[in-house]
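Just passing along the structure, written as C-alpha cells.
For clarity, chains are labelled A, B, C and D in written order, and residue numbers in each chain start from 1.
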Amino acid sequence: MSFNSFGQSFRVTTFGESHGPAIGGVVDGCPPGIAFRLEEIQAALDRRRPGQSRFTTQRREPDEVKVLSGVLPGEDGLLTTTGTPVAFLIENVDQRSKDYSAISESYRPGHADYAYDVKYGLRDHRGGGRSSARETAVRVAAGALAMKVLPGVTVRGALVQMGDIHIDRASWNWDEIGNNPFFCPDAQAAARMADYLDGIRKSGSSVGAVIEVVADGVPPGLGAPIYGKLDADLAAAFMSINAVKGVEIGEGFASAALTGEDNADEMRMGNDGKPIFLANHAGGILGGISTGQPVVARFAVKPTSSILTPRKTVTRYGEDAEILTKGRHDPCVGIRAVPVGEAMMACVLADHVLRARAQVAVPPAWPFARPEA
Amino acid sequence: MSFNSFGQSFRVTTFGESHGPAIGGVVDGCPPGIAFRLEEIQAALDRRRPGQSRFTTQRREPDEVKVLSGVLPGEDGLLTTTGTPVAFLIENVDQRSKDYSAISESYRPGHADYAYDVKYGLRDHRGGGRSSARETAVRVAAGALAMKVLPGVTVRGALVQMGDIHIDRASWNWDEIGNNPFFCPDAQAAARMADYLDGIRKSGSSVGAVIEVVADGVPPGLGAPIYGKLDADLAAAFMSINAVKGVEIGEGFASAALTGEDNADEMRMGNDGKPIFLANHAGGILGGISTGQPVVARFAVKPTSSILTPRKTVTRYGEDAEILTKGRHDPCVGIRAVPVGEAMMACVLADHVLRARAQVAVPPAWPFARPEA
Amino acid sequence: MSFNSFGQSFRVTTFGESHGPAIGGVVDGCPPGIAFRLEEIQAALDRRRPGQSRFTTQRREPDEVKVLSGVLPGEDGLLTTTGTPVAFLIENVDQRSKDYSAISESYRPGHADYAYDVKYGLRDHRGGGRSSARETAVRVAAGALAMKVLPGVTVRGALVQMGDIHIDRASWNWDEIGNNPFFCPDAQAAARMADYLDGIRKSGSSVGAVIEVVADGVPPGLGAPIYGKLDADLAAAFMSINAVKGVEIGEGFASAALTGEDNADEMRMGNDGKPIFLANHAGGILGGISTGQPVVARFAVKPTSSILTPRKTVTRYGEDAEILTKGRHDPCVGIRAVPVGEAMMACVLADHVLRARAQVAVPPAWPFARPEA
Amino acid sequence: MSFNSFGQSFRVTTFGESHGPAIGGVVDGCPPGIAFRLEEIQAALDRRRPGQSRFTTQRREPDEVKVLSGVLPGEDGLLTTTGTPVAFLIENVDQRSKDYSAISESYRPGHADYAYDVKYGLRDHRGGGRSSARETAVRVAAGALAMKVLPGVTVRGALVQMGDIHIDRASWNWDEIGNNPFFCPDAQAAARMADYLDGIRKSGSSVGAVIEVVADGVPPGLGAPIYGKLDADLAAAFMSINAVKGVEIGEGFASAALTGEDNADEMRMGNDGKPIFLANHAGGILGGISTGQPVVARFAVKPTSSILTPRKTVTRYGEDAEILTKGRHDPCVGIRAVPVGEAMMACVLADHVLRARAQVAVPPAWPFARPEA
C-alpha cells in the first residue's frame, strides 16, 4: 500500500515538497550494467526546468541532480548501475516561502488545499507542499534512467493543443519541437500559441493543453491481459501528473464513433518476416499488450489553478473568503508537462520490459514453425 | 508484481478463461461484519449478463455466482463477512468451443491474438481465452460486495454516446436507465440508438460508445497526493476494462480549452457547516483526493473487433490471410461495459476508503477551530 | 496490502475455511508453456492428506484437486500453462461442524480464537475457520506447480526431531522418508517416535517437532541484498505455516557459538569450472543470495493446541471457563507440516527464479574473463 | 516486486552503499500529525553508531541524520509529520576505499561477494557495497519514527548469548543494558563477554551472538491469519538483518520438545476486564495475531565473516586463492544488531497497527455482551 511509488519491477519512489530542503527519489529494480552519464540525467531535467522562457514560472531552480547510490564510477564520468537502488537528490534553492503565507488559511479553488486539510488535518501550504509540480523533476530524472533500459526505443512528447489552438497534424514535424518554447511540432500553431499565451500571462490567467507522447521501437509483448495492462499503467502514470484530467490511447475517445471495420488495424507480412499493420488505431496496444507498433498516448492538462483574479472560497475555519494567488506560476502547466509525460512513458515501458522477463525470460521467436501434419 | 489483481486494501484477484470450466475471483481485505445476500451479488451480475436483449451476444450464460469462503451464514440467507478472503465462482456453461476453431491460426485484427502469441508463444484461442470480456463478470460480483463497504455512496453508470449519437445532457434522467437496453439516461437518444444498432447488428458490424459513471455521497479525503491518486486508480481501473481506449475525470479533455477562471470550482460555506462547491469541473477530485463532490468519470469503448466483414491479417506461421469472425458477439460492447464500469468505480472507492484509514483511522472533523491568538 | 497472498512473481493467493464449501487458490505469474499432469498435483496433495496413518487426524478428506483455469488441455491429460492465472479448487467433504459447537464461546489456549475475536469482533469457530491447517492443502498444490518451474531442483523435507527424540544425522537416509509415517530419515528414530507418539495420542496429548527442508540444484544468484533476501522470504514462508515458532538457515542458532574461522565456507575451483564450497554453514545463502550450494532450512512446530486435558480459559463474554478440545486432531502437526514445508520452499524458489529474471534476464557466465592489462 | 522496501502501510525504502556519498531512506505511509524531534532520531542512531567501544569497528562515522521531507517545522525544533513521505539522509564520511582494493578480485568466504558477482556480473566491492551493515543505520532512523506511531509500546533489545556465553535469565535486568558495551541485561555475563571478546578481537577472529527483542504494550489484534501474520513479518524483518541465520518467537525451537499441556498459555479474567495469560510460551502471537501479551522474539547472528586468518577462496576469474580481510570490522556484529533488531520490531509493529486499521478502523470493544436468549 504505497502512496509514493509507481512501477513494479522498475519501481520509482519519490519524496519531497516544494519548499522543503530537497526533493528526490529512489529507483529500485534497475538492472545492473547500465552505463550512463550524470549529464544525460541533467539534460533531461533541464528540459523541464522552470524559468527557461517567459511562459513558465520565474522560480529560479538550477535543478542540479546528484546520484547518491547504485552506481560504480568509471572513467570519464561514466556511471554503471550495480543492480542496487539508484537514488537521486535535487536541492531546493529558491523557495520564497513568504509568498505563500496568505494562503495558509484560505483554500485555492482548483488546488488540493481543501482535500488535503480534510484528509490529513494539516498541510504544508508552502508552494502546495507535496502536491506541487516540483515533484515531477524526480520523475524526469527517473525517466532518463529508464530510457537507458530501453535500447532501440525513442520516446518523444509534443504539445498538440493549447486552449482552442490545435495543431495541424499534416504539419507535424518533430524537428520543430526544439524551436519553440511549447514543445509544439507545428511551427505555425506555435506562433499562434505564443501570441495567445502572452495575453493569458499578462492578464494573470491560465489555460489548459493536450500533450501527445509517442514511443517508437517498442517491442511487442509488453503488458498483460487483465490488470497488468500496459495501457492501464500508462493511464495511471499520466493521470498521476499534476493537473491531468484525461488520458487516451490511440484513437481514444474518437473510437466511440468508429465502426469495427474502420477500427481494425489490418495486418500483412512484411519482407523482413515481421508483420506490418496497415493502420494504428490501437495506438500500439491490443488487449493490454504492445503490438510492436508505435505506442501513442495523449493526456489533457487543466489550466493552472493559481490565477490573479479573485475567486470565492472558504477558510479552514469554515468562513467564506476571497482568494487570489500571487507568487510565480506557469500560465500553462501543460508545457512543462511534456518532458514529464515522456518520462512517465519511459518509466512504464522500462517497468514492463522487466516485468515481461519474469514470466518469459527470452521472448519466443515469431513467426512459429507450422507443426507437421 | 501481480498481473491479475487490482486494488491494495480491497484487493481483487480474478482467474478464468472464456471457455474453461469456470471463472472466479478472490476479494482480500474486505472488512469483517459486512452483511449481504447472495441475491444482491446475483442481481448485479444479471445486469451484465449476456443475452438479455437482441443487442448483446446470444451466448446463454446463467452466470450463477457462488460464494466459497469468507462469510458466516446467518438466518434468512444473510451472509456476514468474517475478514477472511471472499471467493466467488461462476461456472461456464455455454462454451461452444468449436465456433472458434477457425481462428486458432489467424489473428483477428483489433483483438489481442497476435500480441498474446508473440508474448507467450501460445494462447487459448477459444473465445479469446483470458482476454474475453467474460472475466468482467467477476468484477461485477466484486463490485457488488464493494458497494456494501460504501454506505451512503451511490454509484451509477450511463451510456452517453454510441457511434455519433450523443445524449442531450439537458434530458438526463437516471430513471430512464432501466427503460432501454443501453443504460441510456435520455429516452430519445435511446430510441435513435436502437434503430442505429439494429442496422449495425444486421450487417455484422459494430460500433463504439462512451460511458459515464457517477458516484454520489463519496466522502472527502479519499486518495493521496502523488501515486496513490484516486483519479489515477480510476483511470487504470477503467482502462483495464476490455476495449477501453480513453478515460476522463470531470471536464476531462475539454479542460484543455478552459481558462483558470472558468475551471475554478469556487466554494461557499453551506448552512450545514460543510462547504458547497459552485461547480464541479474537477469531477470531485483535486490533487488526487476526493473533495466530497460527486466523482464523475467517463471512458471510451472501441467497437467490437469481431465483425463479419473479412479483414486482412496474418497467421501465426507468418502467412497473409483473410479473416472474418463468426460466433456470437455484442455489436456494441460498450453497453455491457456500463455495469462493469460501475463495479470498477465501486471497487476503487472501497479500496481507497480502506487505504485512507491506514494513515488516518478516524478522519479529522472539519472545519477546524481557529487557534487562539 | 494483501493478507492472503505470498510471493511476488510466482504469486499465490489462497481462500477458504475449514468448514466452508471449498478451499482453493490462484497462482499468478506462472510462466507459459509449463507442462504437468493433474495427477502430479494430486500426488503431492496425497502426501499431506489427513487420515493416512493413526498418527494424523481421522478427518476423511479426499482432497481432490481441480484446475479451473490457466491451462490448455492436451493429449493424454497433459496440461500446459498459458501464462494466465492457474486456479485450484478443493472441495470440503467431511466437515462435521457440530463437533465444534462447544468452543464457539470459549477460547482454546494456544489457538488463535481470542486473537481473532478481539481483532475482527466475530469469527468462524468451525474447525478453526481460516486458521485451520486445512488451508495448507492449497499451498501443497501450488508447490507442486512451482516444482515444474524449477527444472533440475529437488526439494525434500524430513522430520528431524519430535519431542525430545532427535534423529542421528549420521544415519540420515532420504530413502527412509517413505518407510515411516513421520517423513523421518532415520529408521531407528522413527521407531522410537512411533512408540512415543502412540502414548501421546492415547492420552489425548500432543507434541512438537522440527522439520528440515533441503533444496538441491538451486542455481546461484537467487535473492537480493536487502529486503528481497531469499532467506528472509523463506523465513516468512515457513513462519506462515500453522504452529511454526522458529526458522533457521544453515547453522541457524548454532552459528552464535561459532568463530569466524569455523563459520567460513571456504572455496576451491572444481574441475568443471564451477566453485566448490568446502562446507555449508551458510545453508546455501550468503547476503540473502543463493550460492549454488544446497539450501538448508529448518523450522520448529509447536505441539497441537487441541488436547483432551481441560485448560483454564475465558469466554468471549469475559467469564472464566475450562475447555478441552474434542474433535479429530493430529497429535503432532509437525508430521503433516513436512510436505507443506517442501511446498513453501518450492514456491519461494520459483518466485525468486522469476524475480531474478526481471533484473537480469540471462545470468552472466561465471567465471569472468580477466581484463587485459 | 521491490527489492529494497519492507512493510506495507508503514513502508520503508532504503538506498546507499558503504562507500558511496550517502545512505538514506524513505518512509511512506507515516500518519500525519506525529510530532518528534530530530534529536530523538539521532539518539537512536547514536546507539548503533560504530566506534563507541573497542568492541565495534573503528570506522568513525558521525551518522548525522537529516530529515529531507514530510514534516512541518514547528517551535523549539519540533517536527510534525504531514502524511507525505519522510526521507532520511546520512552522509558517509570515513570511507577509506583503498582498504578494500585487495578484495576486488577474490571472494571473502562468508560474505556475499561470490553470490553478488554471479548474480549481477559486477559488484561494488568497496566495504561490501550494498551488503554492508552500514545500511542498517537507515533502519534505525525509520524505527525511531515508527516508535512515535506506537504510543504505549516499549521495544527493548538485549544480547542474550555471545559465543558460548549465555546470560542467566534469573539475573535479567533491563537497567544493565546501558552499563556495558554489549546491551547485555546480565552484568556478570557481560563481564565474561568483555574478557572473551578481547581475546577474539586481538586474534583478529570473530564470534556470533543471539539477540532478544521484547515489545511491551502491544495491543491485541495486530497481524492476520495466513500470509499477513505478525510473526511471519517479524521473521522476515529479522532475517533481513545482515548475518542473521535464525529467528524464534516465544518458545521457538524449544517448543518442539513441549507437550500441548505445557505449551498452552492458559487464561483468566483480570480485575480490569481484560484477560490475563498465565504463561507466554506463544511470545505474544497466536495464529499470526498479537494477543496483547509481550511480543518476544530472538535472532541468531553469525560471526563476522571478515577475519585476519587466511581462508581458501577463488577469484572472479576462476582461480584458487587465499584471502584475509584487513580493514576495520566488528569482532561481534551481534552487538550492534541489538538496536537494529529493536528498529525492525518497531517498524513491523507500526506497519501492522496501520494495516489493521484498513480492515477495522476502530477495534471492537472486548469482552462482548452476551446476546439475549
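Note that in this section contacts are C-beta pairs under 8 Å (C-beta built on N, C-alpha and C of every residue); 3 or more make two chains touch, one makes a residue touch a chain.
This one's a predicted model, so the numbers in the text were calculated from it and none came from an experiment.
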Chains contacting each of chain A and chain B, listed by label: C, D
Contact-richer chain pair [A-C vs B-C]: B-C
Chain separated most widely from chain A, comparing mean CA positions: C
Rounded Å distance, chain C centre to chain D centre (Cα mean): 25
Chain centre separation in whole Å, for chain C relative to chain B (CA means): 38
Rounded Å distance, chain A centre to chain C centre (Cα mean): 44
Numbers and ranges of chain D residues touching at least 2 other chains: 1-5, 8-9, 14, 29, 32, 83-84, 119-121, 130, 225, 355, 358-360
Footprint of chain B on chain C - complex, ascending: 1-5, 8-9, 11, 13-17, 20-24, 26, 28-29, 32-33, 66, 68-70, 72, 80, 82-87, 89, 119-124, 129-130, 355, 358
Contacting residues of chain C [partner chain D, same complex]: 1-6, 8-9, 14, 107, 109-112, 114-121, 130-131, 135, 161-164, 200, 205-210, 220-229, 231-240, 242, 245-269, 273, 275, 278, 281-283, 285-292, 300-307, 309, 311-320, 334, 355-356, 358-360, 363-364, 366-370
Parts of chain D lying in touch with chain B, wherever the complex brings them together: 1, 9, 29-32, 83-84, 225, 354-355, 357-362
